[in-house]
Structures are given as C-alpha cells and as structure tokens.
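Should a chain be cited, it is by its letter among A, B, C, D, E and F, assigned in written order, with residues numbered from 1 in that chain.
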Amino acid sequence: MKRLLITGAAGGLGSVLRSKLAYLADTLRLSDIADLGKAGPNEELMPCNLSDKAAVEALVKGCDGIVHLGGRSIEDSWNVISSANIDGVFNLYEAARKQGCNRIVFASSNHAIGYYPQNERLDSDVYPRPDSLYGVSKVFGEALANMYHDKFGIETAIVRIGSCLPEPSDHRQLSTWLSQDDFVRLIERAFATSKLGCPVIYGASDNDAGWWDNSKVGYLGWKPQDNSEDYRPTVDANNARPAPDTPEVRFQGGIFTAEGIHED
Amino acid sequence: MKRLLITGAAGGLGSVLRSKLAYLADTLRLSDIADLGKAGPNEELMPCNLSDKAAVEALVKGCDGIVHLGGRSIEDSWNVISSANIDGVFNLYEAARKQGCNRIVFASSNHAIGYYPQNERLDSDVYPRPDSLYGVSKVFGEALANMYHDKFGIETAIVRIGSCLPEPSDHRQLSTWLSQDDFVRLIERAFATSKLGCPVIYGASDNDAGWWDNSKVGYLGWKPQDNSEDYRPTVDANNARPAPDTPEVRFQGGIFTAEGIHED
Amino acid sequence: MKRLLITGAAGGLGSVLRSKLAYLADTLRLSDIADLGKAGPNEELMPCNLSDKAAVEALVKGCDGIVHLGGRSIEDSWNVISSANIDGVFNLYEAARKQGCNRIVFASSNHAIGYYPQNERLDSDVYPRPDSLYGVSKVFGEALANMYHDKFGIETAIVRIGSCLPEPSDHRQLSTWLSQDDFVRLIERAFATSKLGCPVIYGASDNDAGWWDNSKVGYLGWKPQDNSEDYRPTVDANNARPAPDTPEVRFQGGIFTAEGIHED
Amino acid sequence: MKRLLITGAAGGLGSVLRSKLAYLADTLRLSDIADLGKAGPNEELMPCNLSDKAAVEALVKGCDGIVHLGGRSIEDSWNVISSANIDGVFNLYEAARKQGCNRIVFASSNHAIGYYPQNERLDSDVYPRPDSLYGVSKVFGEALANMYHDKFGIETAIVRIGSCLPEPSDHRQLSTWLSQDDFVRLIERAFATSKLGCPVIYGASDNDAGWWDNSKVGYLGWKPQDNSEDYRPTVDANNARPAPDTPEVRFQGGIFTAEGIHED
Amino acid sequence: MKRLLITGAAGGLGSVLRSKLAYLADTLRLSDIADLGKAGPNEELMPCNLSDKAAVEALVKGCDGIVHLGGRSIEDSWNVISSANIDGVFNLYEAARKQGCNRIVFASSNHAIGYYPQNERLDSDVYPRPDSLYGVSKVFGEALANMYHDKFGIETAIVRIGSCLPEPSDHRQLSTWLSQDDFVRLIERAFATSKLGCPVIYGASDNDAGWWDNSKVGYLGWKPQDNSEDYRPTVDANNARPAPDTPEVRFQGGIFTAEGIHED
Amino acid sequence: MKRLLITGAAGGLGSVLRSKLAYLADTLRLSDIADLGKAGPNEELMPCNLSDKAAVEALVKGCDGIVHLGGRSIEDSWNVISSANIDGVFNLYEAARKQGCNRIVFASSNHAIGYYPQNERLDSDVYPRPDSLYGVSKVFGEALANMYHDKFGIETAIVRIGSCLPEPSDHRQLSTWLSQDDFVRLIERAFATSKLGCPVIYGASDNDAGWWDNSKVGYLGWKPQDNSEDYRPTVDANNARPAPDTPEVRFQGGIFTAEGIHED
C-alpha cells in the first residue's frame, strides 16, 4: 500500500500497532484526538475528531486502507459513545466512499456479543447480543460496514477483538486474549487477500480455552500462533479463582454486563 | 393494561392502529411530532419529539406498555435518521428503564435484513444485512432492545415489519405484506403472553409467497390469518412483471437497495 | 391386530383410550395395578404389577402390540419411580423381546425435556433435559426403547405427551395440550404404518401456541386436528395471567421444575 | 408466453399437461419420439429424438420456455438412459443457450434421492443419493441445469417429481403423490415468477404423510392444494400392508432400489 | 480441594488415577466394593457399596469433589446394572445434594451412543443411542446429572470415555483411545474451571482417526496431547484387519452391539 | 493387496503415483490411453480406452482395488468429456461389479463444486455446483459411485482433488493445493480402513488458507501433513495479486468458471 491510515493511533493498542504495521505501507497516516508524539520515518500525523465529518473526509483522502481503532473503547455515557462510535463511524465510511478507499479493518469487539454465555461456542453468523452501550455501538458499526459493502463494495474485516494486550492478566482473558503479533498477522492478511468481502472475524489467539469459531473465514489464511495457556500459571498466581456466579465467568463480555447506564 | 403508549400515532400505520388497539388498554396515550387531530374517548394526546430526552421520559411515565412506531420509516439523510431512529430509540429505552415500563413492541423493519436475496429463507437468528441508513438504524434499535432485555429485563417484541398496508400493491409485497389485522393480533399476543423475552418476529401475513420463518416464536401463539395471494390478480393487473435483474426482485429490501446516501 | 395390550388402563388417560381404541384390535387386553372395572365386549382384564417380571411376561404373551401408559405419571419418590418406571419398563421390553411383540407406543413425557425454556423450539433430536425423577425415568425408557430397536428390531413410537386432557385448563396447557382424539389418531398411525422405526414424537395437538416441531416424523402421516386456541377465552377467564418469572412460564415442564426430591 | 415447448408430450404425464397448460402460452410446441396424435388449436407438433443435437436445436428455436418431460422415465439399460437422459439433456441445454431460451422446468425425479430412508426428511440441499441408472441420469441433469444457470443465466425449476398420477395407488404413493393440478400450479408459478434462479423443488402434493421439505422455495408462492390422505381408504382396500423390510417401505425410491443393472 | 472422593478406586482405571490425581486435593478419599490395598499418604480408604444409600451419604460427607468411576463398567445382567449404575448413581447425587458437594466428574461411556455408525461425527448434543443395558444405565446417569444441575446447581463433567487404557490394542481403539494422562488433564480442568455447567465431553485423545467433536466444550481449555496413531504399527501387527461387516467396524460401541441381554 | 489398478497412469499425477504407491500391492496394474513407458518391477502395463466396455472389464479383472485417475482432467468438448468421464466411469463401475472389485479411489474434482464462492466453507454434504462440463461429469461419477455403494456395496473414496502438484504456483492454489505425499497418505488410508463406505473427501493439504471441511471423514484417520503456506513467498514473487472481481478470486473453481462450452 501507498498510504495506510490508522485511527486511534495514540491509544494503547494503536501505539503498539504503529510500529508493528509500518512495513505494510510506504506511509502510515496516524490519527487520534490525543497527542501522537513525534512522527517517525514514513509517518504522517493528522489529529482528528472523528465526529467532525469534514475533518474525517480530509483524513481519509489519499489512503489505500484504514485500520480503524479510533473511538471510545470502553463503556461510557450515550453522548460520548454516540459521538465517537456512531457519528464517528458513519463519518469514516462516508469518507471512504467519497474518497474511494475500499478496504478497512474495523475494530469491533467481543462486547457486540457479550451476553452470550461463556459455555456457548459462537461462529461468525450469530445474532448480536451486546452487553453495553459500547457493545451496541459496535453492532451499529458492523451493520454499517455490511451495508457499505453490499451497496458500495467497500470491503471490511470486522474484527471482534477479545483482549489485545501484551499478555492475559485474568482468567477470562485466557479465553479472549489476542496477542499483538496475531493481530498484526490478521491485519496483514486482511490487506493482502485479493477478495476480502465483509467477514466477521473473532480476534483471539489460538487459546486452548477459546470460545470462538473462525472456521468460516479460513479463506483468509490467518492462523493465530500464540496461546494464552502459556500464561495460565501466572494468571493463577495473580488472581483468585472467580466465583461461579459472577459476570466474569458467566458471560463472554465479563464485567461489562454488570455495568449500568452511564449518565452524561 | 391501564395505559398503552403508541408513538408515531399520526403516521399511516399509527392512525390505523389507534382505533384498532383501543381495546387493549383503559387509556391510549398517542404521540407524534405531527398533528394527532382530536383525542377520542380513552385517548390522551402527547406531542413529542423523540430526540428530546426529557420529553420522552415524560411521555413514557405512567405507561404499562409501548407500541413504538415513531421515528423515520423510510430512507433519509444521516441527520434525520440518527436523530429520530438512533437518539430517539435510546431515549425511549432509557425512559422505559427509568419509568419501569417493561414491555415494548418495537417496529423494526425488513430493511434490517434487506440485502438478503429473495430466494433465501430467513429465520429469527440471521445476522443483519441492512439495506440503507434506515435499515442500519433498525439494527441499532434491535441491538439496544436486546441489551435492555439482557441487562434490565425489559421485554421487547422486535417486529421486522414487511409491508403493513391495507393491501399489497406490487409483486414484492405479495411476499412482504402484513395485514393490519394480523399486526393487531400480533401486538395483542405480545402484551398478553406472560413471558415475552426479546424475540425477533417477521411481520408478515400468511402469504403463499412469503420468505420468512417464524417457527422459533411459535410460543407466542400468533398465527397470521391473511394471505396476500388473494390480491395476486389485482397486483398482476396493475403492475408489469418486474425484470429479473432489478432490485425489486433480487433483494428482500427491494428498491431500498438501489438508493444512495441522502445528503443532509 | 388380533390383540392389543393397554397398560395403565385404569388411569385417567387409559380409561378414555380403552373405549376409543377398541376398533384397533379384535381384543383389547387391559392391565393396571388399580381396579379395571368390568370387561366390556372384546376386552380382557389382566391386573398386573409392572415390577413383577414374570407377571409382565405373561401379560405380553399373545399380544401384537402394546400401548404402554402404565407406571407412575407424576413426580414421586425414588422407590416408587424406579419400581414402576424403570424396572417396569425393563420388564415390559424384555417381555416383548421374549414374546415376539414388535410394536409399542411408549408414553414418554414432556418432562423428559422439561428444563428447556418455553421460548425454545424443540425437534425430535434434542438432548434430554428432564425436570424431575419422573422425567429422568422417561429418558431411561426412551433409551431402552432405542436400544431394543437397534439391537432387536422392536419398534416404538416414543410419544412425549404434553397434556392429554379433555381440554386445556391453564395457560401452559395452551401450548402442551394433546386432545384425546389426536392421541388416538397418532396411536392408529403408529400401528398402521409399515415401518415405524423408533421415532420421538411430541404429543401435542395443532396448537397455535405450540413449542414442538414434529416435522421429522412426517412420514407417519399424523396430522393433529385440534387446537387449544379454541379454549383460550375459557383459560383466560379461569386463570390469572402467570407472573413472568414463575416456573409455569419459564420452563416447558412447568411446575415440575419447582418440585424437590420426594423422600421415600 | 408466446411459445412454450413441452417435450415428452406423448407420454402419460405429457398428454395430460398438454391440455392443462394450454393457457400458459399463445402456442404450445409439443414434441416426442412417439406419436403425438393431431394438433389441437394453438398446438404445434414437432417429433424429435432428443439425442439428435441439430434436431433439438431446431426444436427449441423460437420458444420462450420449456417443460422438459422427455427422455426415459423408468430404469433401463445404460445405452437407453445415456442417450435419452444424458445426451438428450445436454442437447436441450445447449439448444436453450444458443437460442436464448432462458427458462426451463426440468422433470427430475425422487429417484435422484431414492436411497434416503423414508423416515428421513429431506430439504432442497441434500447431497444426491440416486437409486438407479435412471436416478443417476437425473443427478446429471440437475448438475447440468445448475452449471447453465451459474455460467449462462438460464433459469431452471428442478422438480423432483414424486408420483404424478391421477391418484395414489399404493402406500408409498401416499407420501410421493403429486396431483396433476398441483403440478400445473407449480409450472405456472415457475414461469410467472420474475426471478426463478435454479431451485430444487420436491414435486409432491400437500400429503399428510409426505417426506419432503420445500420451505426453501417459499418465494415461488407455490402451495400444493391436494392431499393423498383422501385416498388412503382406497389404497388400504386395494393393497396389502407392505412388510417392514421391503424396499417399498425402506427407501424413498421404493422398488427402484431393488432393480439390478439392465443389460443392453 | 481439601478432599476429593474417587469411587471405583480399586478398578483398572481407578487404581491408576489414584496416584495421578493425588496432587489435586489435600486428601484423596478412595472407595470401592473391592479391596483397595493400603492407604498411601494423603489417602483415606472407605469401602462402600454404592447401592447402600446411607453408606453413600457418609462416603460423600466432607468432600469438595467427586470423580465417579464406580459401578459396573461392562455389560451385565439387569440386576447388576440397575443396582450399581442406576440406584448407585441416584444415591451418589442425593448424597452430593444433601452434603453440599457441588462438582462431579461422571464416567459416562461411549456406549451411551454406541449404536451410531463409525462414519458419523458426533458432537455433544446428539440424542443418545445406547448399545447395551450398560449403555442405557449411562444415559440414565447423564439425565440424572443434568436434572441435578438444572434443579440444584450441582455441576458435572459428563465424560463419555472411549477406551482409557495404557495404549490402544485394537483397530477400534485407534479411534476411541483416551490416554490416562489426557484423562487426568481433563479431570484437572473440570475442577479448576470457575463455571463448569453440565457439559458432555467425549473422553478421547487427539487421535487422527477420532470420531468425536468436542468443540462445544472449548471453554474448558482441555486439549488432549496424545494420539493413538503412534500405536498404529503395533495394532496392525497384533490384529488382523476386521471384516467390514462386523460390529467392531460398523458401530461406535463395537462388540457391545453384538451382545444379547444377560440373564440374571 | 495383491493387485492394484491405477488408471490414467501415464498422466502427470499418475506417473508420480506409480512409484509412490508401489508399496501398497504386490502388483500395480497400470493403464492409460497414452504411452506408459516400460514396466518396472511389480508393474503390469495394460493400455486401455475407458470407453471400450469389454476392454475395461478385462482391465479390472483380478484387481483388489482401483485408483481411478483416468479420463479427461480439464474442460473439453461434450464428446470428449462424455466418452472419457461418463461412459468411461460407467464402464469402470460395471467392470468392478462384475469382477467383484469392491474398493475404489475415485478422482473427483473441486470443479464439482467450483461455483461456490471462495469465502464459503464447504463440508462433505453440500449440493454440487459444477463449473464446467468437466465438473458436471465429476458430479455424474460421484452419483454413480454412491449408487453402486448403496445397491451393490462397492466402496469408493470420492476425492475432490484441489490442485495435486509438486507445489502451489498461484494464489488460488494456496487454498487448493494437495501435496502428492498427502494424496498418497489418503489413498493408503482408503485401502487400509476396514469399512470405507462412500465418503466425499476434499483433497487438499493442511493449508492455512484452505476452504474445505473434512471433519465428517475423521474416521479415516487421514491427516494431511503439508501446508501451502510454505510457498506463499514464492507465489507472491511469481504472481501479481489478482484483481478482486476475477474468476480466480471469486469462485472455488477459479478460471474454469470463465470458460465457455467447447464445440466439438
């Protein structure tokens, strides 16, 4: 690619991917509402508020692909969520349509299906069961991505990210962990494949205790290489075993299911 | 019921249901942004803009149930859709949660799954494929309804209405038609059943040429009685047979799939 | 048939079937542990305790078919259940094997799957979820019937009877009701079909509010003719609407799920 | 339609359809290798051997649609089957492609799936299990029809005809019977629908004892009106009950499964 | 765990697990009807007849978990099976309920599904098809375990053990083999997981030629490590290839399907 | 085996298998219409035209098993395809039936399902969607193999070969590649297993980017060992990335879907 846009590039995940994805494009255009530090070689910094439609259109201009990590990534009030994750995603897809940018990796979330119980195996076709306003906003984003694919041919890898962290830190993350390297490999495959379509992909490593079935997206050729099981002794040592009736062990979304509505 | 709220009561469908649903409650509270005419016996008129959060909370106060027909019911620009069908639905569910109103009939739409081809039979669990910003807003509403059910116990009958009209007027409507009487019967069942849950129900009559499978909601005891086939001769007489490659015969959402994005 | 055995013929259901099934065989052999009254024309009375192995073998001798209604039909202590419904059923199948009686209608029960929620549609292949010791004994009986079919060729119609009563008397029975005439029609089909196999059949009439899917046994040609919906006004008039969190509306087995273990 | 071609028009079924389908087109072009009698009003007679490629191309020329009943309709030797049902069908589709005739009703057969047991319910997607060379030739024809649809857009209604007779005459036909009127209604729907595609449709009436599930082709709006059950008393009176281990009751294809290979 | 009860601890499998499971609890309470030898460190020996209800209650008292291997593990007469595997299992679950022991590993068996053909892949939800009275008793045990879970919250890992032996010794065991170490790993996971539920788990190693699909219990994080394929040369050398029509190669339960009823 | 027949032994694949399969039988009988070179040790050469029925019967005489690679393996005119792949396969199965040769490996092809899109995962039960006359002929062969199994007990491993080449040479082959060694292992398993049946097996290595699901034939114990991913760098270096709307990336059959009918 000539130019790849990464939104949310100042966030925890974005700042990691910023270096790991550099090889995918001649130029990385990095954007965030927060401070992005200094531009490295081959980096362009473009601060942007995703709810500003004109700014987003400028941001997308000239990009061949987008890794959309931007927006709010935990539960918050309606005003925050709807501005960042609903208006923001609409602005992004409209910009992509108008600027002819046809391939996007969209960071959806396990919280789009967070109310499924942990002992249910999910494939890519399940009906959404979000666990929070945040999760609802991700269902919105998935629906919008599908509509822009069916109507305008824009292809999106919808990645329902589990827990993309350096390592799993609690028992639930032994099921949901996505190593950063596995995420990078997935992003690479999403841009390298000739025909992407608009698949739902569960973003988890090859964890022994995983819940999710990616067999329908085998055509991507993505095989996660890491396994949270390597960290089980550490997790066991650092965490008490959760009680069997807590949200942490009942629902795939974990403690998000226990939160109320945040007032503005 | 003591008091049943009908939103969108001045619309085409709302004004019909206004009289047909009167028997379900002591009082019908009718709301719309448009003129509602004169209140009939047992009617309360409460004009309301659904994007006004405080007004919606007042509107819901004191109601046992809601038939939510309000909002925009065809494709429109993002500002119109997001205000009426996204903010508006969020406001409605928040009001229901705060006011303890635990049962809602939500007018979703076939446009939430409008990009499925007409020769595919759909059941209640399919992953959404909306055909328009309008359809995306309905997917949002369904997701929100599910979240409020899983988290707060508010029960919703999500009705993916086909074409609720006095009679079918084109060939596609021979598959999608929902007679007004069948819709009334469905609303009655939604409020009469002891445990509703949060089911997706396809709102179509017992049409010979129907596409949708409601077998998973058999527990509701709703059996549509009408059949569009009675109107086929009239439809044939009034309409040319559509060409096989037009949106009207390819996709369940029909011509909605052919519309572009409406600019504000 | 020359001779048809009906066990449990003195019970509520048995005493009704006694007259309605007379046309199926030259002789009805009627058995029960309770008083059977006087033999009618073409009737043979043979009192029998099903836990008496030798007596059961004598009972089955000379019969072409069996309608097995005998045993305990509600929850009870382990000793009662295991004697009547576990030893009793083993004795019956052993007698059938030794006496060459190759076709049986076995009264299983919805309580073999009573812990499934009422909003889940079940077909003939679901894994059992019994709601009581009684329900567990019916799962045992189904398993035994299958083994005698696979190993010895004895064919059984496993009928998971809902509520076989003159008419439905509460809201749950609007879903589970099996009219006596529909049951008779099913028994007739079970004996008339050339190849029965060992199918699971949900014993319910054509109720609008039914939960069960018999499509896999269409080859039997059994079409129930009655519909509990005719009785809804009476049921509504005689019963308060159950609360949404009671066993009566949560689980298919209804109040059986609320019973503890009966001590001997 | 201007001109509808019926092949096999001198056969048992063809000679019935000849009169019943007259209303569908201005002209019926009737073809067979056997004597077709005299042309009626609006009829054109064109004798043709289906294995003669040039003749078939002439036969199809000028036709808007085809009802293909021609070829061998029972088991026969390889030479007979391959000439009539393999070469013949290839010739027909090539002619349709070259002459621009884009809609065909193809008489496939239950013998394409005749080795499925009678107690298994089949839908339109099952993998074929033919019961004879005849059945294999029908699988060939279905495959060819699909390829011409996917590659050239020619639409075919693949009708797996059960037993299309004036009335059912044995016990198996209580499951497989297709009334002639129901077949006519199906053919009408196949030509009237705007977008046909290439569906597999089980050709059976609304028989209580039916085996087949047509729910995936609901979009055609075809509802069979007749029911073999009306004839059960006559069938029972005229036929002994078949033994449970005969081909007639084991397999959907009945006695076809018992035939050996016919030598030329 | 403080105290783990192992029933059947004197059996072939039990005597192996006795040493391998010692690390799971401060104290292993070992029970059998046969001689248990001498107690090792951290071992308590409590001989017990499982059909003695009071004795079983005493046996379970004070235990945090149970590995239930006790009872008859091959086909036998009804009296033996019903006493050991039906009364015995009822006594065990009643004891667990009364003594508050909430987690059990139940040794079910492939003979609960032994009449499925070897070329059919089974998942955890299949309807049982037992191959013997022994197999029927295991279906009973599974049903009881499920009922105690749904009603009383007692969690059970239902393990359908294939062939848990030091190594596979015939061709069928190349499909059914469960290495002892893999079984130990499974038992560990069953007690370590916060929320177990009541899953059916096929007890087989990661055999190339395996029949069973455990994907629905991925949440347990159990990955078998061994593979019977390592033993194929030895098995080939020691066994003639079985004929294709023998029970050993037709049914998953192997020769159990060929046994008659054992008379008492 | 005493004698194994390999048809098509002079072809690209046949000439490789000729040496690799020598260990499977005392004698390899090699046949082709083309020159087979010199017979090696343990080889018998028997040139044969598969459309010559008597010659094929002689060819099969005395063989214990057949690996049928013969016939046309790419698209061609009807006369070529029907002679080699339709008449030829009929002749082969008739010869096997008459000569009592009961086990066959039949080289079917991915082109039997070539019109499925590349982003759809297929299992062994899918309805065929051939992409060419060649693909239709393979559907014919599969149907014939099934019929000879159901009717005469002849067992066939139907192998839908992807791309059996020394190494993958374009992007599509990264999904379809079957290493020659993996094919040899599969053939070995097909002859070694006691009961083969008539399974459909996708002939592909363990490719990261594979499309096909062989889980239903796990009982064969075949685990492919190779992975096309090793060749991705070479493939990337030698091939431009295909455009997203070309047959090569849309359909599983690749460019076969783009070919017209070959005239004779």
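The working rule: contacts are C-beta pairs under 8 Å (C-beta built on N, C-alpha and C of every residue); 3 or more make two chains touch, one makes a residue touch a chain.
The model shown is predicted, which means the values in this text are computed figures rather than measured ones.
In terms of the stated touch criterion, the partners common to subunit B and subunit E are A, C, listed by label. Graph distance from subunit A to subunit D, where chains that touch are one step apart, equals 2.
When the contact pairs of D-F are set against those of B-D, C-D or A-B, over half line up by residue number only for A-B.
Both copies, subunit B and subunit D, contribute mostly unmatched positions to the interface they share, with under half of the numbers common to the two.
If you average the Cα atoms of subunit C and of subunit E, the two centres end up 31 Å apart.
Averaging C-alpha coordinates per chain places the centre of subunit A 42 Å away from that of subunit F.
Look at where the CA atoms of subunit D average out and do the same for subunit E: the two points lie 53 Å apart. The set of subunit A residues that touch two or more partner chains is empty. Going by the touch rule set out above, the chain pairs that meet are A-B, A-E, A-F, B-C, B-D, C-D, C-E, D-F, E-F. Across the complex, subunit F meets subunit A through its residues 118-121, 171, 174-175, 207-211, 213, 229, 232, 241-246, 248-250. For subunit E in complex with subunit C, the touching residues are 78, 82, 86-87, 90, 94, 97, 112, 115, 124-133, 135-136, 139-140, 143-144, 146-147, 150-151, 200, 257, 261. Contact residues on subunit E toward subunit A in their complex (touch as defined above): 155, 192, 194-197, 199, 215-223.
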